[in-house]
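The next part holds the structures, each set out as structure tokens.
Each of the next two complexes has chain A plus one other chain: chain B in the first, chain C in the second.
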Partner chain A sequence: MEQEYWKWPESSWTSKEIDWKSAKAVTAGVDVGTTGTQAAIMCDEKLFGYANIHTGGSFKKSAKIAVEKAMGASGMALTDIRGIMGTGAGGRNVEFAGGFMDGVRCQGRGARFLYGPEVHTVVDLGGQSCTAIRLYDWDRVWDFMMNDKCATGIGRNIEFMCDMLQVPIQEIGPMSLEVETDPEPVATSCYCFADTETMGLFGRPEYRSAPLTENEVYAKYLFAVAWRCLSTIGKLQPMDVGDIRIHYPELGFTGGLAKNPGITKRIERELKITALTSEYDPQLAGAIGAALLAPAETDRRQRQ
Partner chain B sequence: MTTVGIDMGVENIKIVVLRDEKIIGRGKARSGGAKRLAAAKAVYESALKEAGLREDQVEKVFVTGKGKFDVESMAGDIITEPVTAAKAAEFLSPGATCVFNIGADETMALTLNKDARITEMVINEKCAAGVGNFIRNMARRLELTQEEMGAVPPKAKDGPAVSDGCIVFGELDALNLMNKDVPPEEIASAVLFTAVIRASTVIKDLTEPNFEKVTLLGGLTQNKAFVTALKSWLDLEFVIPDEAEYAPALGAALLAAGWGVKPYIEPASAVS
Partner chain C sequence: MNFKQLAENRHEYAKAWKARTGGQVLGYYDPYFPEELAYAAGMLPVRILARHEPDDVSTKWIYASCYPVRDYVNQFFNGRYGYLDGIVDTGGCEWVYNAFEVAMNTTPSLKTHYIFIPRYPNAPTSPGLVVSELKTMKKVFEEWTGREITDESLDHAIEVYNKNRLLLMRISELRRAYETPLFGSEAMQMLLADQVMDKAEMNAILESFLAELQERPPREDRVRLMIIGSETWDAELEELVESLGANVVIDELDNGTSYFWNTIYEQKDRLLAIALRYLGRPHSALRDNNWRRRSQHVFELAEDYMADGVLIVKQIYCVIHGTDNYAMWKLLRERNIPYHFFERDTSLPEDETRQRLESFINMLKPGLVRLRGWHEPLVI
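Let's look at the complex of A and B:
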């Protein structure tokens, strides 16, 4: 069996301290992405259980598996959950969900849970899309920006490139940072060009006098990914319109690529900021946000 | 005379050990970025072991493929991909007039004259790169093996379809189909079909095609569903030699042995 370099570790956890039976509101959110599926169960706005798994060939099955893993051995059944909300690229496939909500609102709300009330800019670095979200002081989206069509699939493509370059996916980020100066990025338009260019970088005759090291190649590749994210972030409305200044206060990363320092550190460096950190897995933001928004949204729909 | 040909592809490294026009050893291993040189050395040793040879018994090593510059230290000479493909086609299917090589990253079509010299060559344009990669990646995404992907034969109409612009749009469309809960087998068939279209743009770009005897080479010849779809889409018959996957490596080994190397004659038009 050959090593599967692209596989990031799955995780699941269920709280043993929280007694869900005595909780007033038990809600769940399921974020079905193209690369990973996350489920989060909240008891009175406290995280009770979560699961983070690879999305399989069927979005429906993946959603079900994720929720079951999040419930764990707690004895909870789907009927015990008051509101279930689906979100993400495949969120409409959560059959047992009461509703579907777009990823932007869920990521924003989830980021507030992860990073606290001070977070005002959220950058969701997902498998399929990169979304930059600006929040009001209260939990509402002020402005958001999605990636261009050609810049899609950045997260998925990192899985693929780790498979092709035979480097473990958790290590490509830290390795890419071990360079003295960051080299120029590879093609920044789409991953098709970036892949072809990156795979041809090793041992190229042009670089014969000063060959690129392994880490420099990864740096060039990940800088191109960060570049595509930066172009999305840069399209957000400026914060101070009077003396038009664009700054990114209290920025928090969510999504799977938030765990790749090769991308987040480069974005931080270019924006001259330091991102907020959280004790929770940033990949769970979408699912947590959906779970937190589920009761209000379900009530509103029932009233209508 | 014992020679070795190494094909450093982006996905796999293929090695052929040749003695007196007979393959006596071969090897194949995953390629991959920085580990390419080490992987090539390991598979070289295993191929020699299969052939029952020591390293000093090999007279010449020629390399080809996208990663050919990685193994310069091992190589006697570096040969470009079209030349090895043409040489392999000349050896494996004598009289071939057209060579169609589809690999993980590159698709290439060659027209050969009666002396098996290349008269025209077309390589995919940049957006059409990665036909083989795309199929491999989508198989993993759909949780199917490459054999299972061919379960529903690709068809041109009446089924779900994905964009044939580039792999980025193709993958996006396939994932949208997954979101609509289309069975993975049907998405796989759409994926294979779009790969066929993208590969066939290359052979259609030949300005003076000669489809008398088309020889199909490269790693994708192992994907039966893809080959069947390509045949029906292009309405062509292909010769697929047994060694199609190892063809560029074989071509390099043949060139190292000096097989069929003819003296170069100036074309008549160029002399005047």
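Let's look at the complex of A and C:
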């Protein structure tokens, strides 16, 4: 079978240490994105199980499969979960969910779980959106900014280009960093321009005074992606604390592209910061956030 | 009152008005057009509004402009505005002027006039300049209609238009209250209908609507939003906001509240009175250059109408608001007013807009997250 370069690996895990039956609160969050679906099950705010799968043709089925994989062989059933919250572009299609919460709030709450109280700026590099979120207090949203019409900075575009360039999606990032000096990015105004310019860099090297290596082409391309994300981050409202203006406080990446160092390292370099790291998969932030928000939201709705 | 229907049936209304009165219908693009003069000449001034329909002819004539301007051309060639006797352009943005030129060059039978409204409304020479432009326009309208524009007819037009503005202002005042009985979508539809109807008829409708509003029970309080940015020609955004449990309580749009915000103070020189009204209206982004007043007006509206947050909505390829938005961001940041910026087309991408609006409204919603921003000190 022909290799599918765009396909990122799916994963799932269920804890064997945590006894879910003795937990006071078992909650779940399902983040149904445009390219990936994640489910997270929390027992007393500890991660009990997760699944990260490709979103199929049906949001409903994808959500169900993800939760079932996260429950694994623990013997847990959907009825054992106290609150289930849907989020993401297809989050309203989670039939078994008790509620829906917007992606920004869930990503923010999930990022606090992943990166702790230090994180103040969250950059969600998703399948069809790039969202920059600024947090304050514990998990409250100070401001957020989403990409508008341009699709250069989104995951689906990277998937597409990996297929075109015939390079596995997990490898394009590290390969792009293996350059002596980072070249200028390709067009950043539109993914059509970025993609065609990138493909054009491979054509007719004899007409080029200095032909580019493959890694340099990847670097130019991923720099353009990072550039788009930077413009979204740059539009966030700064926070003022007294006379001090905080422009880029501690930053954490979430979403699938957070696992691509070719993008994250370039953003870090341009912002002159080092992003926070986590032991958890950054793609799970939305689902974890939804699971953590589920009990409060369920209680609030019951009160109404 | 079904204002939506009134706005949607604007072409049928204008045709019926023409058949009934035998008068001429005059189209205009820009809110700086002094409608009183046309009204005094017995004409019906109607605002040319964009609409949602497939664009199949405009590309040949105009391209690389915002969608509404292309839609003007598209509608024009598709015969939607076949009943117009004339069109006036008031030197709005260059793209609108292009649409005006296309109409002028392709339809010789159409009466056309260009009136120059200066880009610096507060310049000392501007009132005199506009008065001279109005004198020319008065002569043109007299030629078109064969009817003299007398002081009495001007006084009558000013009276009708001032009454219209007063009624709209009184209705707008109701939106200031908590638990306002009026939703943003209804208010926007009302304003759109107002711009395409005979003001005397509209005044009667507004009077009965005002009486109806006084009897309406208060609606539950919601997150209060303000809209600024490019003009819109429908209430889709307001409806979407309402479906998400919030309400647009005020806007600062050229075809929104800025359309009626100030009034004509009568004086002996009628043309000067009209000129001062249009120069003194809330600045449009195009004319908010050296004497910047718009930012202060936006802030005052946000404060007076107790807006929890501001939506800055720009039409894609809108050059004017593309450059002006940054000044608005600066103002809102300085005042700590939460805002969210996004671009839209004439049609609104529903799902994508819903996602971002939902996030923004949740960000402001008391009870879900504490109301933050300018009402409370920041805690990090």
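Just so it is clear, the second predicted complex is superposed on the first by the 290 of 304 C-alpha atoms of A that agree within 3 Å, B and C clash if a C-alpha of one lies under 4 Å from a C-alpha of the other, contacts with A are read in each partner's own complex, and residues count from 1 in each chain.
The working rule: a contact is a pair of C-beta atoms (placed from the backbone, for glycine too) under 8 Å apart; a residue touches a chain by one contact, two chains touch by 3 or more.
Keep in mind that what you see is a predicted model, and the values were worked out from it rather than measured.
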(request) Using the superposition on chain A, decide if chain B and chain C clash or fit. (result) fit
(request) Mind computing the angle chain B to chain A to chain C from the CA centres, in steps of 10 degrees? (result) 80
(message) On the A-aligned overlay, A:Ala89 touches which partner chain: chain B = first, chain C = second, or both, or neither?
(response) both
(request) Identify the partner contact of A:Val104: answer first if only chain B is touched, second if only chain C is, both if each is, neither if none is. (result) second
(request) Quick one: classify A:Asp143 as touching chain B (first), chain C (second), both or neither. (result) second
(message) For the three-chain arrangement built by superposition, which of chain B and chain C touches the greater number of chain A residues?
(response) B
(request) Return first, second, both or neither, reflecting whether A:Lys7 touches chain B, chain C, both chains, or no partner chain. (result) neither
(message) Quick one: is A:Lys60 in contact with chain B, with chain C, with both, or with neither? Answer first, second, both or neither.
(response) first
(request) Between chain B and chain C, report the minimum C-alpha distance in the superposition, expressed in whole angstrom. (result) 6
(message) Going by the contact definition given at the top, which residues of chain A touch chain B in one complex and chain C in the other?
(response) 89, 149
(request) Could you please specify the touching residues of chain B with respect to chain A in the complex? (result) 10-11, 30-37, 66-67, 69-72, 105, 126-127, 129-130, 133, 137, 140-144, 166-169, 171-172, 175, 178-179, 181, 184
(message) For the complex, give me every residue of chain A touching chain B.
(response) 2, 6, 34, 56-60, 89-90, 92-93, 128, 149-150, 152-153, 156, 160, 163-167, 190-193, 195-196, 199-200, 202-205, 208, 214, 217
(request) Enumerate the contact residues on chain C facing chain A in the complex. (result) 316, 333, 338-343, 351, 355-356, 358-360, 362-363, 367-370, 372, 378-380
(request) Please name which positions on chain A make contact with chain C in the complex. (result) 89, 101-105, 120, 129, 136-137, 140-146, 148-149, 235, 237-241, 300
